[in-house]
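Shown below is the structure under consideration.
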Amino acid sequence: MAGLDIRTHLDQLSLNAGKKARLYRLLYGAGPANGTLMILPIDQGLEHGPRDFLGAPESLDPGFQFRLALDGHFSAIACQIGLAEKFYPEYAGQVPLILKLNGKTEIPADNEPLSPLTASVEDAVRLGADAVGYTLYVGSPRQDEDFAQFRQIRAEAERFGMPVIVWSYPRGAAIEAKGGKNTVYAIDYAARTAQELGADVIKVNVPNVQADLSQAPKAYQREWTLDAALSQIIRSGGRSLVIFAGGEKASEEETLAKARQCMDSGATGLIFGRTVWQRSYHDAMTLAEEIHKLLANYPG
Amino acid sequence: MAGLDIRTHLDQLSLNAGKKARLYRLLYGAGPANGTLMILPIDQGLEHGPRDFLGAPESLDPGFQFRLALDGHFSAIACQIGLAEKFYPEYAGQVPLILKLNGKTEIPADNEPLSPLTASVEDAVRLGADAVGYTLYVGSPRQDEDFAQFRQIRAEAERFGMPVIVWSYPRGAAIEAKGGKNTVYAIDYAARTAQELGADVIKVNVPNVQADLSQAPKAYQREWTLDAALSQIIRSGGRSLVIFAGGEKASEEETLAKARQCMDSGATGLIFGRTVWQRSYHDAMTLAEEIHKLLANYPG
Amino acid sequence: MAGLDIRTHLDQLSLNAGKKARLYRLLYGAGPANGTLMILPIDQGLEHGPRDFLGAPESLDPGFQFRLALDGHFSAIACQIGLAEKFYPEYAGQVPLILKLNGKTEIPADNEPLSPLTASVEDAVRLGADAVGYTLYVGSPRQDEDFAQFRQIRAEAERFGMPVIVWSYPRGAAIEAKGGKNTVYAIDYAARTAQELGADVIKVNVPNVQADLSQAPKAYQREWTLDAALSQIIRSGGRSLVIFAGGEKASEEETLAKARQCMDSGATGLIFGRTVWQRSYHDAMTLAEEIHKLLANYPG
Amino acid sequence: MAGLDIRTHLDQLSLNAGKKARLYRLLYGAGPANGTLMILPIDQGLEHGPRDFLGAPESLDPGFQFRLALDGHFSAIACQIGLAEKFYPEYAGQVPLILKLNGKTEIPADNEPLSPLTASVEDAVRLGADAVGYTLYVGSPRQDEDFAQFRQIRAEAERFGMPVIVWSYPRGAAIEAKGGKNTVYAIDYAARTAQELGADVIKVNVPNVQADLSQAPKAYQREWTLDAALSQIIRSGGRSLVIFAGGEKASEEETLAKARQCMDSGATGLIFGRTVWQRSYHDAMTLAEEIHKLLANYPG
Amino acid sequence: MAGLDIRTHLDQLSLNAGKKARLYRLLYGAGPANGTLMILPIDQGLEHGPRDFLGAPESLDPGFQFRLALDGHFSAIACQIGLAEKFYPEYAGQVPLILKLNGKTEIPADNEPLSPLTASVEDAVRLGADAVGYTLYVGSPRQDEDFAQFRQIRAEAERFGMPVIVWSYPRGAAIEAKGGKNTVYAIDYAARTAQELGADVIKVNVPNVQADLSQAPKAYQREWTLDAALSQIIRSGGRSLVIFAGGEKASEEETLAKARQCMDSGATGLIFGRTVWQRSYHDAMTLAEEIHKLLANYPG
């Protein structure tokens, strides 16, 4: 199968028993259950605000995404503590939970971003979550605070056998000066940084291979096909599993094409949010089924 | 009943026993006792200073508000630790207490607000309080400190079974640049943020639907009726109960009209302070009775 | 009213705000709500084993006692952590909870009794309880361990504003040698001991005034009427509120007579278990109503 | 279905999200996956010593039981920390783990038994276990130490959302004096004690209804059918799920008959060890399949 | 090679990286360096007192054993904290250290033995040790204290990645009553107990197959060859590596024969003390060389 040769397998990760048990459930016990990941994130209400829901009013109720995660057979739902506390109990055990441990609003300026902790690894254990999520702003002038904060999370997660998924985002004024957060350079560095700091799974965005690389390091100043860029980024994740974000809502065709290209390049899975749930329930379910069909082609 | 279809009910909140017992007492054991909330806040002496009392000299004595909370059959009185320590003991058990856990003066500039802790959840337990209050400045450049501080409160409150009421206020220079703290955009984001971070009850202000939305995100750049705005904000609270502040003193008629509009839109209740107690005791009691009559129409 | 002159009132207890708020709820917010207590204990399943339920099969299901506590308008239900965790949530806030913090089975010999901790004051806070219960075996050869254990509970309860009800039982080989656990001497000493160690409420058994006092201290070696004995014991409770146990099942008439005599002697209330719930639901409700009528005569 | 009316359901347990998620996985995500439990215990090597393996040499290697748990589709395997650390990692996530937290050898006399801790709830979290097991010796003269030790485990388990399974065994000299550990009296008391102290699941032995009850409390001194005894014991478990041990090796027919009788009486499931694994792998698998077929008749 | 098929290999142990790195050094970086262990213990001065040195005066100076460990190319030296603090520094890194963490004198009676802690896992880390040793008295009436103490050591060792070697000794009055500490029954139970509690390596004594088994469990009441007994014990160690003690001084031939038999039966190695160092330095070195030659035949 395309991509399989560079895809990292659970058994290669040298995980302790708890991390392995929990990742196994995400990879083989739920969702496509073939070693791929299909995660539904609903943290945009905090990160972007309710504006993301105004065009698809059903989606304003978090119950919408929880039902969708269950009915659409997602590998897991990823959300903040507030939603987990109020909505997860009725789904407990039926769909795995990924608890996001930090977050922020988009209201203040983003030139020195830092995502403060909103919950703890122990909260995740208490809620029965199978992984925790952490947003790392690679390149932020406040990376020292970010790294220190992440170190605590990584250590706690190791102690409790909880897999760590890093939302690895290049961000901040220095990144902007070097071509912005969507260059292959920026995302590649973010993937490697997450690997270096101890991520078990790395979430990155799909790069824009048209983005201007003239201010990026010399080694990146060449033409990149999307395939080459994706492959480079996935390899930069090392033995951390790499999954790709869906980004803004796109058509069903575009969404599936993006999914296919990520998987062909060796990704372990997808974490598609808005492009899935900014639809009617019926349309979201239809798209989820299509993604399932696609992922069935990438057993690992 | 109007609004009832979107009003969240206690049984939907997945609360632990302690949170449920205490919220039950606020909703069904005191005040209107029909599932609505009618809270009397007296934290303005810290937040605004004694200027708020100068026009209604009786109100300068906190005993005034405590008596009013009891005689006016409020669901609870909300205040800082100092007032709770000195005035609550003689009312203990007769009227529920909500202990505000943070606060600040209005003296320094408000472009980077943060409300520091003034008391602990354990103080609230010791005083026999039935909830704690926390002011979150959504959008403040210091949101990282605010979130981190709130996280501790949320975790302690979970441990002790203490409901958390978030005074969720959009605030700071970035909010001002996007139309100010009274836009539906700002308040809507504040409601969602409080839900995401784990509020059990969310206190917000009634938006000004005339406020300029031209600098707000595109999705908000349209005409809003007050009904539509209130409904949107309440829905952004998800399974957290939403209550509305009364704001500055208004006439009895205006106050009751505001109350009615909030309740019709699906609010769980009201937290009306100045507009109630910046009156003579007799007038405040009269207004409290009128609010009682109104809330009797919204059983939940 | 008979007994009122020696009955201790909440305001005499110098309690901190939390203890006062919670005791107020027990005394005036639930049950007879007139300053008396009518508590339903269901801790016999641990203390005596299921044998207590065999003659009244409905009562084996703890849901029976919880429903009875609610429907029969008891001041509170008292039980161990296991029942509280599994049954209280659906009653949370509707009927006050007293969490028993220690307990034991009757299986091993009782000559050196000690009741080990089964839960903590913090558990009680988390569950939204309004008091904690502690069984003190006054006179046990292991009283040093018992006192030390109680000291921790008392200190925690003080810190959290949680009223402490002491099940004060004379017990052990030395008590047997002095006439047994039912003498006025033994129970009087138990009441005073509970007062001395810091009980807010003291639960004792009604003494048997026929019991042999020849081995008791000289001062007790005289005839005692039950009135005199009860009065003595209640006065030995000092400013701790004294309530009496119902003991084994008796007829409705006997039960009400015992209740009347306790109240006439100045008791604050009753904690009647088996004699109430070892009946059909209908009969138990009928008896509860009768007790209510009786307690209405003793406002405090 | 027979027994269903008295069988407790997960939704009745008022569990927090983590406990619910983990129990859901045991009840509906593995094994029969229909709400029943079929647990394979391999703690006999510590409790009885290797003598249990001498007649079935394959079973000496713990890998035998781990493979059997997986291939035989058990709900979970239950073992001590040493086996979990060395054998579970290669099965992590494929079969749920129940970590036994205490244990002892059978070498010293059993008249005052206490099972000391061998691992912690945090170990269970780290290993990715879905429940912890604790052996409580009901009636032991050392019950005070046992209760105190269990209290810590219960509190930790509550904090981490980890279900607690109590191996509730009547034991010690006082139990022997009252007819021994196999009477319906002794086991009934053990079931109630586990409920009172906070078990989520209770493991008991099937009583011997021929055992002498003449020294048991009066209420038990009558003829008991096995059905009546099992039903009584299950009801004494209240809202804790009750499962039955298999005991010594019996024939396939006897084993299945015992299983059927337990399930017909309302048990949630079975924890059959020696009678399953003291066979060749082939025969053990055959028996496991038969038990599966039987449990399929008791959906809950 | 004989025994290899049942010998456990490092890669089967599911160890964390630190435990694996340290055990690898013992198995492949020092001593025979072929996967076998040849450990020199010098803890007898505490356990037996200086009487062990009187017949071989050179051996009274711990420097003797340290030099021997280095010159004789042992896999490690095992000793108490006092010797480690004073003698190890000049050998640090040249020969691996195993720090014994508990010990006792033989002066008091041995019917209820417990070996108290004399050092911590952190001491072992500080000293650069590659493993810790713990003496467990299997079957002692004080096994509850022993298990609890060992649990702390195991947990600390897990945290620090420090391998744990259990000196697993059947001991105490109950063991004596069942045939004594040298029966295959007793030693077999000891091996299994160490496995169950989490040993990485288990040190046991070679059983006396002539010992009286008439009071042992039925399953053991048969003839045992030494080969069968050793094999049974090693299998009872499961995935923990099993090594054998040398016991009292014997002739070179007897010592080598014992070594050969243990290795042929599948042992991982030898921990021979007195029989090695109760000789002149020259003779001890000669014997060490012979053992080396023998172990070279058992690569793993």
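Miscellaneous remarks
Per-chain numbering from 1; labels A, B, C, D and E assigned in written order.
Convention: contacts are C-beta pairs under 8 Å (C-beta built on N, C-alpha and C of every residue); 3 or more make two chains touch, one makes a residue touch a chain.
Keep in mind the model is a prediction, meaning the values are calculated, not measured.
In terms of the stated touch criterion, the partners common to chain B and chain D are A, C, listed by label. Different-residue interface: chain C and chain D share under half of the residue numbers found at their contact.
Relative to chain A, the chain whose mean Cα position lies farthest away is C. Once CA atoms are averaged chain by chain and compared with the all-protein CA average, the nearest chain turns out to be D.
Annotation: the A-D interface is duplicated by B-C among the options B-C, C-D or B-D, judged by over half of the residue-numbered contact pairs being identical.
By number of C-beta pairs in contact, A-B leads over the other of A-B and B-C.
Rounded to whole angstrom units, the spacing between the C-alpha centres of chain D and chain E is 35. Taking each chain's centre as the average of its CA atoms, chain B and chain C sit 40 Å apart.
Centre-to-centre, using mean CA coordinates, chain A is 49 Å away from chain E. Touching two or more other chains at once are residues 16-17, 85, 88-89 of chain A.
In terms of which chains touch, the assembly is arranged in some other way, matching none of the line, ring, star or all-to-all patterns.
According to the touch criterion at the top of this document, the contacting chain pairs are A-B, A-D, A-E, B-C, B-D, C-D, D-E. If you check the complex, the residues on chain C that touch chain D are 43, 45-46, 49-51, 54-55, 60-62, 80-83, 85-90, 103-105, 107-109, 114-120, 123. Across the complex, chain B meets chain D through its residues 14, 16-17. By the touch criterion stated above, chain E contacts chain D in their complex at residues 12-14, 138-141, 143-145, 147-148, 150-151, 154-155, 158, 170, 172, 174-175, 178, 185, 188-189, 191-199, 217-220, 232, 235-236, 238-240.
Of all residues in chain D, those touching chain A in their complex are 16-25, 28-29, 84-85, 88-89, 92-94, 97, 122, 125-128, 159-161.
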